[in-house]
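The structures come next, written out as structure tokens.
Next, two complexes with chain A in common: one pairs it with chain B, the other with chain C.
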Partner chain A sequence: MIKLERTATLLSPHSWQLLPLRFHRLDADSVVLTSMVGEHEFVTPDELDAVVDGTCTDQELLARLRAVHLIQLPGERLPAELLAIKLRTRMRRLPDSTGLHIFVVTLRCEHTCRYCQVSRQPTAKNEFDMTEQTARQALELAFMSPSPHIKIEFQGGEPLLNFPLIRWITTEAKRMNKEHGKDLAFVIATNLALLDEEILDFCAAEDIYLSTSLDGPADLHNGNRRRPGQNSWDQAVAGIRLAQERLGMHKVSALVTTTAASLNRAAEIVDLYAELGLRGVFLRPISPYGFALRRRGGADYEVSQWLEFYEAGLDRVEELCSQGVPMMEIYASIIAKKMLSNTDPGYVDLTSPAGIGIGALVYNYDGDVYASDEGRMLAEMSDRTFRLGNVHDSSYADIMLSDSLLDPLMESVTLSAPMCSTCAFEPYCGADPVFHHTTAGNFLGHKALSAFCQRNMGVFTLLLRKMRDDPYFLDLMRQWAQ
Partner chain B sequence: MFKLTGRADATGLAGPLPDKVWRIRLPGEPGTMGADHASSSLACLISEDQTPPAGYGLYLMTGSAPAASEIPGPVLGLGPELAHLAAGDIIHVHGDGRRINVLWKNSARHNALLLTEQCDNYCLMCSQPPKDRDDSWLFDRARRVISLLPDDAQALSFTGGEPTLNADAFIDLLEHCQKVAPRLSLHLLSNGRRFADPQFTRRYADVGLGDIMVGIPVYAPEPGLHDFIVQAAGAFDDTVHGILNLASLGQAIEIRVVIQRHTIPVLARLAAFITRNLPFVAQVALMGLEMTGLARPNSAQVWADPADYQSELVEAVRILTMAGIPTRIYNHQLCVLERRLWPYAVRSISDWKNDYLDVCQECSVRDACGGVFTTSGNRLSQHLHAMPSPAPAPFPARI
Partner chain C sequence: MSVESGVPVPGTEASTGESTAEVTLTFDQAAVDLDALQRSAYALAAELTADIRVRGGDYVCTLFRRRQDLTDDELKHRFRAEVNDQVLRARIARETEPLRNLVFALAFSRTGLSEAGETA
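Now for the complex of A and B:
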């Protein structure tokens, strides 16, 4: 009953063509191949050689590569069409433009964190507060964005020190949105020390999210995050619990900043997050900006040390998940989406074109508009490269079409960047012109010398190895990808 | 289960009957015969002790042979295998009056109309082997069935062969549906290849049916294996292009994957292929084999015991469901499915060809299970068994 023999549909040597294919050796006997949309396969170096030189006879391997559009037969149209659809899907957020709008409502802060990347001011100096006039102009600009989703993030300093303005902006934004009809969301980035009943009532009534910092156990956290009374940890933990109770478990999230003191304590940090019922932990490296760069506090470890810390934290997250504790590592989940789906989550620090300006805009207390939070920090250190204008005298077009934004965007696109364009991890990675401007003096940087590159290559390699060797971890990544 | 074909006692006929489709009506049924276009296609179903009303074109009688003199029209006696016929059912009576096909069973969950036996694929496990002969009368018959459907008819499937091979007849039939039964929920089984032609797909979409889904088989994530399984070079390319064309016009698509010896090793990769390339599909059906048609002679090529591919099935279901694609498992008995797959299992075997075995009598989940294909003969899983009572608890974590 066979009309078409199986052998007739197999690939004979030298019959196939390579589609855009990049590779990276993970181990002595393992190479990962990636397509231009991030689909990947693991092969041995010998298998890669045989596929590239056309001598491969392993039909199972050839079928695997054909299925993810790494090879095709001459004349086939479908693989290129599917790759094009997937690529378009990955890029579809770009025309939406800016979704995140950061309002620096005050530079005042009652903490004196060792790694702070923001130039804080003592709590009594009201001249570092944003005014209603400035906020109104900033809102006008934010609502110019074509994005159907507008998230307003209140930052500082400690934004709760200027709570009346948060209240004013929220009310005003909702009033303006009656005309614009955007999906509007609010988040306050706060250390929670000033959280009180009035603020909680307001957050509950207005559906506002809270994002806080929690570096780990009390001694670690208080060592990093200094405050009169040395009670930052108590305040943060009490605030998280209170907010969870009053606003709902999912309404409060926390971020880790890793300092040298954190390096051996990844599991403890993850456990604390689990204990508090937080569903995600974001194991971030310290930022190279501002106080963090100028002072010794924190930035005194190598990328390799951070990668060890990250791996230990990730292992602990996996262990908790296997015990039925719901937990996710946020950075891995962002990368999971890029590896296992056609979605680019558009995470500002890991996307190409870069997320500056078109992913997020920062409205400083004085009305200056920056392409990113780090760009604002550089300006405080008198480097105004990423200042795009001022809400009082710049139009939306002035800001979005300024050379200060377009030059770094265009000069850093990974698909055309030396060493990125040939990198197997390009579909997973991103452009960070602010980092490279700061560390290398140009928007592109030299990838062989870039800590950004070294760190992310390390993370991608780690995640791919674990996905290759550990079916449970692969399953977790698939869950996180959604 | 019940029979969809049967023989009638035509000894009461005075002469030949028209070769025709009839809707069955009971004598006491409310409503009038009316003057509507369908009244001449009404057959009256009577039992022995009833006095038949006049005016019907055909009388059907259960029980012993009718006395022609008492009946005001042509009369047929129904054999015991057709005793299930009831009001609203639609039948095809051949000209000799001896052969009857049941085309619409009003009480059934599934009703399917065969539109052709021709096909441009020749799948290794085809349950309805293609025949290359002119059978265009099947379209005419389908058209008449649709005209006679009760007003409250819910759902109808079109099957083949490949229903789209005769493009004009197929589109005509859909337009007829849109005209006379626009609220009907339609399901079309197609290999999707014809939809690779954008103009045909445009005609299909332009019919404007509000509730039609096309179920299209994809058996592998790349052409080599798919083309072998469907026994047609170039089929994968056509089928996937067809799916893309349908999607570009907003048409609802179901992907059907028959699980057999060749597809099991690639099931997870196929699931991943669907999530990456065809994530817009309305649902994916992972289907157990019906061991009839070509699946029998090709048994050694295709048969696999469901008990032996549970891990592959679990992984495929996880990949699909985590990507948000509605996923169903068809044609599998609960006792050979891992407990965590039960929520995805559907009682999918049509009621005219499903059955339960002796071993099923004691089973605590029999009522939730679709049973087995009567058409599969004794080619069934070696691991069928009664589930003890109480039934196993749901899997603790989500799959």
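Now for the complex of A and C:
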């Protein structure tokens, strides 16, 4: 009988090579090491020094580091090839270019939200509606994208105030797609106040998703989202329930916008989402654009306060999951994919090159094309930096090769940005030239002074610490990464 | 600590009190690259600004606090710790640069992006 013995490769001091790695000190006793593609391992500060100096004798640690391509044996070829394959996989969306096409079908809105990012108009002013002619030109551009997946998102104002155009665009896009053969999807971003049987029938027939805003319990939501009758919350909750019943539970999702009044109410917000059967809650900070900036519409809190809110909300999500309630925090789930898988979810705020233009294009009601929704909001404040052209007089090449798009893309790439290029979290993070243009006056920003950097560093370190210390949370993140 | 370990050796240090307007740290040029000092000052821009001068064989870093809640000692520790990390980062980057370039070359070959270079 032949006896097979499994022989482990024992590494003697100075017998390994470092692979490209970056590190971040999580706390006094713990450092996280990340590879070029975001795989990671936790070590102590002494272990980091020993690994770099070649004096480490902990075979179990060295084996773990080899497994995630942080070290290799001299002359090995496979780790570099695997890293290259994973890198290509993470960037596979880039050649596809723009998948999300946002149609601002009207600026009219019947809400007057405190933090509204857009320039809303009274409901009677039809001159702020997109026309069929403009929509047709926008569709022509959208279908020129090489992406095999085209998602058309209807925004406003309140897009349901121009429902006839939504109906027209959907029908026309499907007709055009017979020639193009794209994977075509539709989303209406709506406050649901105007949802009725006709709209629901149409959404059911055309397989349209609904995305809405729900800031939390009624007093909190209505305080932020004002409308005649002060019944925004009632309308939103009724609309969510109706849409779930008619379209299916997965066909409606909701977003939270965090104002100062939300900060101590994270658990209540998460509980409401769970109560409504919403499987995901997206605990977003308020954006520094549009009316939110001009009027300080509830944005008067520090990043550190939002991080405390976020952690409390995440803890509540975890608690509910442990009780058998299916729930996820959407931002954490996006980052989970980046930390624990080789796929990049393509979330436009966390990609590099940035997601502007090549991740999403915005067609305003008047035909102007913007690199992002935030870019459109800036234009409403007279800053047209991110206007790429107009559907009536710009070609696809004019728009995609415009300096207004290429300059911010090139100037903000994280792999060459100061601090970002050596940051352990670079594989998880992204470039946000619109945010930094708004807050710092240039596309790159100074990351040591950037709220974007502070917020994301805070989230990454929180998630890593929880994964390190809490096996159940690590399991959750693995599920969310699927 | 040795230069090889990537840890700089602070020379003399001077401060004028517990929480003064400015704090001075001195680094031996044989142990620390100017690049590491500049990167440290950049990374800590929310907490301090730095004036870096050459004196003899030393870099003299005068630190000006932006956050008033940091004591002189905390400011010095923050800067020294950051410099240590920047030196270590530079060392890792230097040692792994050929492999990093290899990974990028493997990842982006056959994408069309490198054709111009290949035919040149």
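Note that the second predicted complex is superposed on the first by the 474 of 482 C-alpha atoms of A that agree within 3 Å, B and C clash if a C-alpha of one lies under 4 Å from a C-alpha of the other, contacts with A are read in each partner's own complex, and residues count from 1 in each chain.
Everything below uses one rule, namely that a residue touches a chain if its C-beta (ideal position, glycine included) is under 8 Å from a C-beta of that chain, and two chains touch if they have at least 3 such contacts.
As the structure is a computational prediction, the values presented were derived from the model and not from experiment.
By the touch criterion defined above, A:81 reaches both chain B and chain C.
In the superposition on chain A, A:9 makes contact with chain B only, not with chain C.
Applying the stated contact rule after C-alpha superposition, one finds that A:66 touches chain B and leaves chain C untouched.
Look at A:205: by the touch rule set out above, it reaches neither chain B nor chain C. Applying the stated contact rule after C-alpha superposition, one finds that A:478 touches chain B and leaves chain C untouched. Contacts of A:341 after superposition on the shared chain: chain B is touched, whereas chain C is not.
When the shared chain is aligned, no partner comes close enough to touch A:28: not chain B, not chain C. When both complexes are overlaid on chain A, the residue A:397 reaches neither chain B nor chain C.
Shared contact residues of chain A with chain B and chain C: 81, 85.
Within the complex formed with chain C, the residues of chain A that make contact are 17-23, 25, 36, 48-49, 52-53, 80-81, 83-85, 87-88, 91, 95, 418-419, 422, 446, 448-449. Listing the residues of chain B that touch chain A in their complex gives 122, 124, 220-225, 227-228, 231-233, 236-237, 240-241, 244, 266, 269, 273, 275-277, 279, 294, 297-298, 318-319, 322-324, 397. Remark: chain A residues 1-6, 8-11, 37, 39, 59, 62-64, 66-68, 76-78, 81-82, 85-86, 324, 341-342, 475, 478-479, 481-482 touch chain B in the complex.
Residues of chain C that touch chain A in their complex: 4-6, 39, 42-46, 85, 88-89, 91-93, 95-96, 99-100, 102-108, 111.
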